[in-house]
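First chain A sits with chain B, and in the next complex the same chain sits with chain C.
Now for the complex of A and B:
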């Protein structure tokens, strides 16, 4: 009876305990913050940009961490000589080296790469720009352009002209420790404070534990090369296969001024098209940090302005030839976008084919417009009409610059073309064309394909007392020069397409549009003008909606009609695409005046043909892929010395064995120990 | 199953069954596949019976079965250890062949 009451009591206690645990868990899992132990130990770093692993047919580049993260004692590097501490002198390896951006050079990174047993990882804090830094190779896209060994040995592999002499190739190195990038903000202050409190060397030696450490997780799934990772992605046996890598690519943005039926692919009889091309993308060592102000934004903004300038003239008096505005994506990774378009044209998967292409005008890097060099490709075959077309092109362009503030210089015949999408089209067929750029032999961009190629590098300076909205409208000098180039390009395109010469002088690019675009792409994308087009962040969609807004026509369709315009008699989704534009907020209301725009802009898939063909070791097409990963994070915490950890473990093991021994002895001597305490069994019930 | 309670002839039948792997008629296919494990069970279970207990009539046969099971087991262990060592060492170098032979491929390392 007594034992029954005892068991009921203990049951009641158990129920109470379970309920309290449930209540505790409920509060902890809901939004009420509870003091979990993990929150007291780790400080999570949220605004990090990792260096990821990229693979191609032969190599893997980028960084890799171990699957359970790499931990190292934080060391803030003060100069290159200070590298001795993490590399040889420091008593507590491995170290996590924190660098300022001015110390992020190839020599320091290579030294740390070679000492990977003592350096667990690198963190770069973006502060001041170094005088010059280009992590790209010296000869960009050397194997996939038109200058191959078979074409001309002297021009291949940059034997004549080195386009990027400052390039140190850091983006194409392989690191087997994680490299992260942080901005200079509160989190960096926390890290530096932790370092100064715990890790500073006092009187030359004697670092006392606990020390401040950082752990970086960026475990990449793919390894070796593209063929291996694509094979492994496709052969997983489990129910949820793990994708190991993804091909790089995106979308090209294309717009004809006279659209064709988008379902009719292949050659179009009696159609002649002038292609106006620019590239959209850029890269940096940390893949997500790329801005490409001088390298790519200047080019495509000019082309967008030219497209806007041509809109009225081509609608009033359509020229004989059609004009295709093509913005290629993925050009920095062996011409993904342009090789895709050429492949589609050759295989009748695009609305026109190579026979329809009359000529090409490509806008490369056009930061300063004092003199823009024109490269013309004089083809080597006997047909003379091609040479004539090229001369005509140059003449059209020269005459278009009349009255404008810059001059065109035709580059010497012996000079090869710079890395440009035009090279890819030339690889397929000798089409006459021009590449416009603001350099002759050397790209002359101190920060080519790096994360310092930003608004400041393009000299976008605004007076300090302007609000963001006023800055959006302020026309900078850079915008004025780019407007001049855009006007010249638009006029040249109009003439090249056979337009009426009398209309040419009415074609003018709008400096306000140019400066708004520069502000939106380089300073702040969350501005009212971009918001009125589309609330998108990705570059491709921004360019698509901008081009639609600048070249399309507004219609009266409602939103539901805009999604299904085929039901209406005058609209056709074969020729046009219909986009719902957010519109501006008028001054007296809060609702946006949205509308449906009818436009000929289309997004064309830009993935390298090597993945369609299944040829992952292709030398002809780009084979770049990006590895997948599960999660990427970084955190800091205090670590104890190894001796303390071993001591704790030892004590725990000792307690375990002692308790086992005690239990064994108690069990064998049970009858001796417990005989006097045993109650008689015949208690009254 | 406690061997102490079985009569000796039944012990012999059991030992033979484990040696031959014919546990049941329709499981004999699996018996061939799991022979090393059956032989391991044979050796461990009947070791005391074969070598430690005082002699009885069936013990000689039980001894032969246990010895043969032991030899077969050692052979299997040698073969499996060699193959596993070679595979783990060279899987990365074998590239495509190594991947096709694997069931799960580790992520992030060659």
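Now for the complex of A and C:
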């Protein structure tokens, strides 16, 4: 007798059977590696960003997982009080804690760090921005700037001004469990659905197995500090050494207005250069997620616009002094790029040296600002010509702002310089210079060196009905104010380089270029303007090609000639570099109009001099390295109860022993059991 | 699902086959050869039938799910038929070989009876069939996760192992019965074995409705065990003899 309930139950089972077959076949046949049980068990998460391990001369920071991954039962944290469950109350440790970005605070992370036996890892889901969050230290680059203990005790270690008062130092903590970051997308929905289906506590009763769990793999090869990992890297005796960690760094982008022979290093007689500097990089807690809109992008976009503005004027009436546009990479990690350039200059490995440098103008953090603050370095030296040069520079800058929509304020004498590349140059030689920034005392950035320093923080708002291409062209307010700053900077540089005063008012930055650059670097880099320069994603190459496009000249060379221009009579690779630019797609065709651009832009290797010198415990230079790893992945699955596993094992052992006994018994009694046919054989049947 | 499940399922699926091998086959090299050759024959039959299925799936629309499911069923039925065909082919081969072996043997008559060869050949088929059913699943049971994310039952591993055990034993019994039927020229036995094999296959289609698939398969296995026992020379009289023998042994020793 089959009751109605049983028949509905079996119908439900039948439906489940059919759906599961269909689901299985769908997953099965849509993929080449099909019919695998693994596909019924695991769901791989593809869009994850891990926290990786970084090392310097004394510490290791970042996160590490065990070599076979860390598994934990998923727990979605709802508030700080909810931490009780994974830390003490929960019955199935270890837990994998899933947080939203508003709960990603130092106190919660520290509590989980201390309970590492119960917390297998942390996953942060990027949702809403918290009101303020800066994982950087309160005193950035405190040991590698110009204010050391020996220089002035009062100014060292941020004793006068704490540059990043909101900093909680989370980026510089060490975690021995993996921390991953996920965006809010389909994969996160799958995780939350799994959690709600299996892991929710109902009315205080115990959780029913199977539970939803997650496994994170992010095993880092390097440990302890840079010296240890460099020693381990070189210990391999094979021909191709296996590196355990890589020094951080990249390339600086440099461009002279009047290029020099790139093979002639050292001092250049009678050459005086004004350096215009900006920094390229930024960081976040999750290294790949760094955006740095206010921190770095605003600065180097302004400098790029200034470089474009100066192009016409410097070609018509070249000024007496040369101008070097320098974009430094790796500044956030103890000034890698600028220390490298200073080292090269001191050791005759760069086309100019420190004697050739006349003055420096650095663009720091600039946002939508009404007033820009001019930070000057007041020299303790009794020789006053430096102070005079600085005053001249400030005067040039002040006069350049005439007719523009912002004002220049000189900061108080007692304030030290903010963290900037200028500090590294000052460490080597007292060169006159100024730093432009939009803050008066501390760096007024709520999201300094964090993931939330993005387009929204820079107030890049576009009207909602625009297509991506229209957004690219739309001039935002931010772009307008940055253009003003760029114009002022360009004019000041021109005057500082001894250019003709009558030409100054013709120098104007282009707001369209500025807004296109802001859109490309902060909103979508896959736009038509960036694609027409270079189809690359790396920041350095984008800046290189942009600078080339903005300051170089287009030539008629073909692609093969562009690769080897020395064969042509008028071209020289000593002075210029030749880059093949993709070009725009004209409206009536599909082929890009590519061309070869002759430019003075060069990429200069920016790796800390500590690695050239082999001094891995250097206090002078940056010693930051990044660990290597084999693979990084994350996956979710269900885990069964211990009881079921032990039951399976028990049944297996019982079956094995029973079958051994029965077979032995049957074999010894075989002649009795199977007696109807007698065979003369030597093996017992 | 971790090492406990791995070993548990491995013991369930391969424990009886392993003990049969250890106690009845390992000592005699000729039996080992016949076992391995039998496994090879089963493997060739699987290869040919999967070739047919593979061509069929590639030639048709991969997105049509019901068609693919039907092709899978068709392929499996074809495989079952081909397995029985190869069992018959192996029987013929062994008969021929047996005559040759008898000629070169030192003793009077063939070294192995047809019954022994039947049992060993069936076990060979069973072991290979079990290996192919279970090894893939076993390797995935070592990881930390268990089946269930997409709505499957969490008893997947245990039931796979139980089915594999049943299938191995069934192949052994079918081997015994089949060869005995061929020897006695009872061709209806072949048809019955084929039908039972098809019935077991169709029962396995009822997964994950495990109650409806595993219990009937075990019932069929018991029936086949009884049939194989009787067809290989056993009888109820022998069992009672065994029982009284033990009793008398127990009496004399006590």
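Convention: the second predicted complex is superposed on the first by the 611 of 685 C-alpha atoms of A that agree within 3 Å, B and C clash if a C-alpha of one lies under 4 Å from a C-alpha of the other, contacts with A are read in each partner's own complex, and residues count from 1 in each chain.
Keep this in mind: contacts are C-beta pairs under 8 Å (C-beta built on N, C-alpha and C of every residue); 3 or more make two chains touch, one makes a residue touch a chain.
From a predicted model like this one, the values you see are computed outputs, not experimental measurements.
S.K.: Tell me which of chain B and chain C touches more residues of chain A.
M.R.: It is C that touches the greater number of chain A residues.
S.K.: With both complexes overlaid on chain A, does A:141 touch chain B (first), chain C (second), both or neither?
M.R.: In the superposition, A:141 contacts neither chain B nor chain C.
S.K.: First (chain B), second (chain C), both or neither: which does A:232 touch?
M.R.: After superposition on chain A, A:232 lies in contact with chain B alone.
S.K.: Determine, under the contact definition given at the top, whether A:242 touches first (chain B), second (chain C), both, or neither.
M.R.: Only chain B is touched by A:242; chain C is not.
S.K.: Taking the superposition as given, does A:129 touch the first partner, chain B, the second, chain C, both, or neither?
M.R.: The answer is neither, since A:129 touches no partner chain.
S.K.: Under the stated touch criterion, which partner chain does A:92 make contact with: chain B (first), chain C (second), both, or neither?
M.R.: In the superposed model, A:92 contacts neither chain B nor chain C.
S.K.: Going by the contact rule set out at the top, does A:650 touch chain B (first), chain C (second), both, or neither?
M.R.: A:650 sits against chain C, while chain B stays out of touch.
S.K.: Write out the stretch or stretches of chain A touching chain C in their complex.
M.R.: 10, 13-14, 16-17, 19-27, 29, 35-38, 40-43, 71, 194, 209-210, 213, 215, 635-640, 644-653, 655-656, 659-660, 662-664, 667, 669, 672-677, 679-681, 683, 685
S.K.: Considering only the defined contacts, which chain C positions touch chain A in the complex?
M.R.: By the definition above, chain C touches chain A via 1-2, 4-5, 7-12, 15-16, 18-20, 22-24, 27-28, 31, 62, 65, 68-69, 107-109, 111-113, 115-116, 136-137, 140-141, 143-152, 154, 156-158, 161, 165, 206-209, 229, 232-235, 238-239, 241-242, 245.
S.K.: Please give the residue numbers of chain A that touch chain B in the complex, ascending.
M.R.: Residues in contact with chain B: 64, 67, 219-224, 228, 231-232, 235-238, 242, 244.
S.K.: Note which residues of chain B are touching chain A in the complex, please.
M.R.: 95-96, 99-100, 103-105, 107-110
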